[in-house]
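Two complexes come next, and they have one chain in common, chain A, joined by chain B in the first and chain C in the second.
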Partner chain A sequence: MSGGQTLEVIVTAAQQVTPLIRHFTLARADGAPLPAFSGGSHVIVVMRGGDRVYRNPYSLLSAPQDLGTYEIGVRRMEESRGGSHFMHDRVKVGDRLEIAHPVNLFALDKIARKHLMIAGGIGITPFMAQVEDLHGGTVPYELHYSVRSPEHAAFASRLAERAAGHVHLYYDSDRRFIDFEGLLSNQPLGTHVYVCGPTGFIGKVIDTARACGWSGSHIHWEQFSAPPAGDAFEVTLAKSQRTLMVPADRTLLEAIEAAGVEVPYLCRGGVCGFCQTRVVECDGELLHHDLYLSDADKAKGKSIMPCVSRARAKRLVLDL
Partner chain B sequence: MLITGIKSKPVYAPLQADTGGRYHLMLGLGVGREPLLRVLAELGSEQPAALARTQVLYVPAAGDATTPDAQFAVAALSAVQLFGSARELLAAFRPLLQGSLMGTRLYVAGPESFIGTAMQLALEFNLNKDEIRAEECGTLARRVHCVHCRGVTEDVKTNIVTCSGCGLHLLVRDHYSRRLGAYMGVMADAEAPGELPEIREVFL
Partner chain C sequence: MSAAFKPDETFRGDFRYSNSPAAIRRFPLPFPEDNYMYSVNLEPHVPGPKGSVTEFAIDVDEHYVAECRERALVLAEEPLRYQALPHMMSAQWDCLELIFGSLARDYPQHFRLERQGNRWHWINRPLGLDQVFTFGDPATLPREPLDYATRQAQGDWVVMDQRDGDLWTEAGMVTTQADWSLDFDIGMTFKEWHGPVPLAHEMQVFDRALKYLLALRLDAPVRRLNWTMTVNPRLDTSPENYPKWGPDRASVTPQNAGDRVHLRVELQGLWRLPRSNAVVFGIRCYLISVRELATVPKWARRVHRVLKTLHPALVDYKGLTRYRDAVVQWLEAHDDGSPTTPGTSPE
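This part shows the complex of A and B:
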């Protein structure tokens, strides 16, 4: 969380595990154990890249019972603002990074009678840690993991070892796709579905679950939207009486932070709602990219999530 | 006063069909038939196909000898089962939950003790608030859980009741436990033995 203390970590291993995904192992610089976490948690990694600071959320994929190291998987984003490219191109073994304490916005339901996990691509990472939490337990679970082709199936061998009999792999290259309708229309009462992956993939799972009659309390999803770049715009911060430019390749939140104004945040991916900020005035259009505000609230234009959303306006005034 | 202003007291609303569900399970006791008929009619007009995915479990009021078909004529497409008692109905409810799929909505209409027991079973199967609707009808008599001996006293109509388990005088609070499906009863005369407030019938 913003203003909260960060931990200094050292990269103890870095490995390219698929053409797009790099796997990092992090240990505390002072050798102490890392904070405890539960499967589904993420950390914000703070990357200081010359004149700018990147803060990106990454799910912890290592076993929660092992607090000697954290592991994360970073997918190289095509339209990156730079964070994932920084992690891929510049971060080497022995480098120091800062991370925030883990936060779980994608926890397993503790009283579920069955867990149905659905992963698309890099969306596998939170499930890696959850599978560790479920290992040896009595609650049935299935993990359905869809990727482009075998070479893109990150961590498949670890899954085969830790969750044998629970994992179902689907390769686009084999023309094998998850039968969402078949899966979701035939689950026992008390099942919870968890989905992580690309936006369209998540949307399809949610829509299918709804169409099969699932209630919202049994549907869980997480996606950290990579904040889209956009046109530069100007923002005025009413309380701090500052006016600043948000450059095309930076988020509103990053620009506000760069000006020295603190905004509380947790996920930096448009999911948690923590950075919700009141819009005092906007003479144009708010470009909502978050997954937190309802469509109705987005239409009202009274709030914005500065971590991912932008504006196309001559004058935007925020209550900061 | 100990018995008012407590937020755990359940608030019930008139039953309405939840057309977001795929399967519908309806439980009713006595006058609980009326709300169920209303939901069935609503489903029938908004989503006629849903009636074929609806099951009704009902205990007719004592002395009501109408046949299942006549009881729920509107539900001709649904499976209707009649039971002689709430206990029998609830015994049939568990296997039904075991065989049910995600997408099921539960509707319960009857006195609160009946709703409470049905909810306890539903909770075991991890049905959440957004999958259960209940309408209280019939008696407002309470099931009371003694916080001293954990005994349960059924059908309590008075503000003070003698615990069927330990014999203490219990003050019936509004503090409701979903897990126990009962209101908490606490010793009413602990401070001054024998000094009790006026005993009145308040849950009718």
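This part shows the complex of A and C:
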């Protein structure tokens, strides 16, 4: 079980909706409906750019009831290894892409008495679909959306229409910021909090919630770590008896795949834990960038998540 | 499955039940070797060979009509064999779509599903049903969607909600079970539900299985086989009805074991459900008498050896303590000691 089957899709619309975010609409190339999904799901988009293959996760932001098309929002990352730049600069209406089936690692809790959603910037995308799932239901919810300025507030008008009365907008440009402590210290029992956005933003919400006494089971977050680029390094795959170079602008997982060795994965973002690989030998430092392994596990150095993590070592041997 | 249905079969009372020669040859034997121990034997639920029980996502065989009638009998006596907690409604619709969609696609001669937006038209010819309903609106069906759909499918169905890093048993239709109760287990986590299974916890089977299932993909259902034995071809061996079937175990002798004792194999399928992100666990029960099994010489030798060497904790857990020796004795005459070929095929 690795990438699974992919679906061929055609870009039916592409629009710059903020200075940084491009909004894509995708339909199946064969005209059939797309697979049903739940709000919070993402798809891996496979981009074939010449000699390189990019696989990036993007949250589905379209209504789960509408399976004629999927919509995603892609933020141009400053330090992109190329995936977001490819989507922004090269992908045009009519182009074909491959996507994997949706996976939900950020689902709404079905027994929550209330949903409290907190979005920072591009982190709004999974909530767009979740709001559709909650539309017309009986469980109360609030969506707090913090963004630089009105021109950066992607999808705000759609939210105003679909989730009127539930959405609270905060613009840095107005010097309005979410009062995390005020918000999290004053919620009814049974509330679940969901946060998606930049690393620091997520950390702030989690820390504040914990300090306010929230149970870990009621705190949900999603962040796809953009795999940081790093120095090139060499890796040896023990079972396949291969030694290969991981270039600076490729992930360890991409390099292993390029060598024809399969590693199971779901998110490619350091979250799901599926690509966890045993480290047989490492004479240097493992650079853990994932959000899956515990600090204790990271310190042990026996496992690595090759989708985002790297090594600074002369000799790294993996159980692959 | 081209064989005709056998609507007069019974799974209680006079036990009018048998497998046709074709049904015997497609029986899913769960023993690839001459001995047996637990493993996380999950594999992708991809189409198997033509005519096999895994040719299609959901198998419909010659016992279909009779098994649906048996389910209705159980539910008439004990309505709590079907239960669904309120937050499982979207998962109920997901299950209905999985079952009806699969049956209509794979058995067009028997079932038909027409979809126009949310207006669905379902035709079940073997059971004589014709229903127009609105997908997503429970008021347009005679029963809740999971109840309605699973009354028209063989095997038990358990739906698990995924939250807090666990799978919670929170809806199901359970009438063909090997001595466990939905009414007792509803609301449990994955490991609580499997609490009574011996040895497997120590082997971390459930840690690994849970981790695997939490990551189950929409496009990649999986399956495994499990097994036990049952005296008489009784589908409903529930704890609720233990007084009805428990005493049967004392009736087995080395003379009648071939006819009385049945190998009970569960083809367990696991699917990620799209709208609810829940996981449905289908537990399809196949029954075959030891005598029918022994018509395949390799299987007679195989089962004889598996039973003879079975770990004592498994003998107890599977409830075979009273009659295992009688079955081994009955099968002895069919085991000349010659080797068996690897795998489960009849040859």
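Operating definition for what follows: the second predicted complex is superposed on the first by the 318 of 320 C-alpha atoms of A that agree within 3 Å, B and C clash if a C-alpha of one lies under 4 Å from a C-alpha of the other, contacts with A are read in each partner's own complex, and residues count from 1 in each chain.
The criterion applied here is as follows: contacts are C-beta pairs under 8 Å (C-beta built on N, C-alpha and C of every residue); 3 or more make two chains touch, one makes a residue touch a chain.
Note that the structure is predicted; figures quoted are calculated from it, not measured.
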Discussion item. For A:52 in the superposed arrangement: first (chain B), second (chain C), both or neither?
Written reply: neither
Worksheet item: After superposition on the shared chain, which partner residues are touched by A:5: those of chain B (first), chain C (second), both, or neither?
Response: second
Practice prompt. Would you check which partner chain A:37 touches, where first means chain B only, second means chain C only, and both and neither mean what they say?
Written response: second
Discussion item. One more residue to check, A:111. First (chain B), second (chain C), both or neither?
Written reply: both
Worksheet item: Touching A:217 in the superposition: chain B (first), chain C (second), both, neither?
Response: both
Discussion item. Touch test for A:76: chain B only (first), chain C only (second), both, or neither?
Written reply: neither
Item to complete: Determine, under the contact definition given at the top, whether A:102 touches first (chain B), second (chain C), both, or neither.
Response: second
Discussion item. Tell me the contact category for A:190 with respect to chain B and chain C: first, second, both or neither.
Written reply: first
Discussion item. For A:158 in the superposed arrangement: first (chain B), second (chain C), both or neither?
Written reply: neither
Discussion item. Based on the A-chain superposition described above, do chain B and chain C contact any of the same residues on chain A, and if so which?
Written reply: 109, 111, 217
Discussion item. So in the complex, the part of chain A that touches chain C is made up of which residues?
Written reply: 1, 4-5, 35-38, 40-41, 64, 100-104, 107, 109-111, 217, 266, 272-274
Fill in: Residues of chain C defined as touching chain A within the complex
44, 87-88, 90, 94, 97, 161-164, 211, 215, 217-220, 274-277
Worksheet item: Touching chain A in the complex: which residues of chain B?
Response: 20-23, 97, 100-105, 125-131
Worksheet item: In the complex formed with chain B, which residues of chain A make contact?
Response: 109, 111-113, 184-191, 210, 212-218
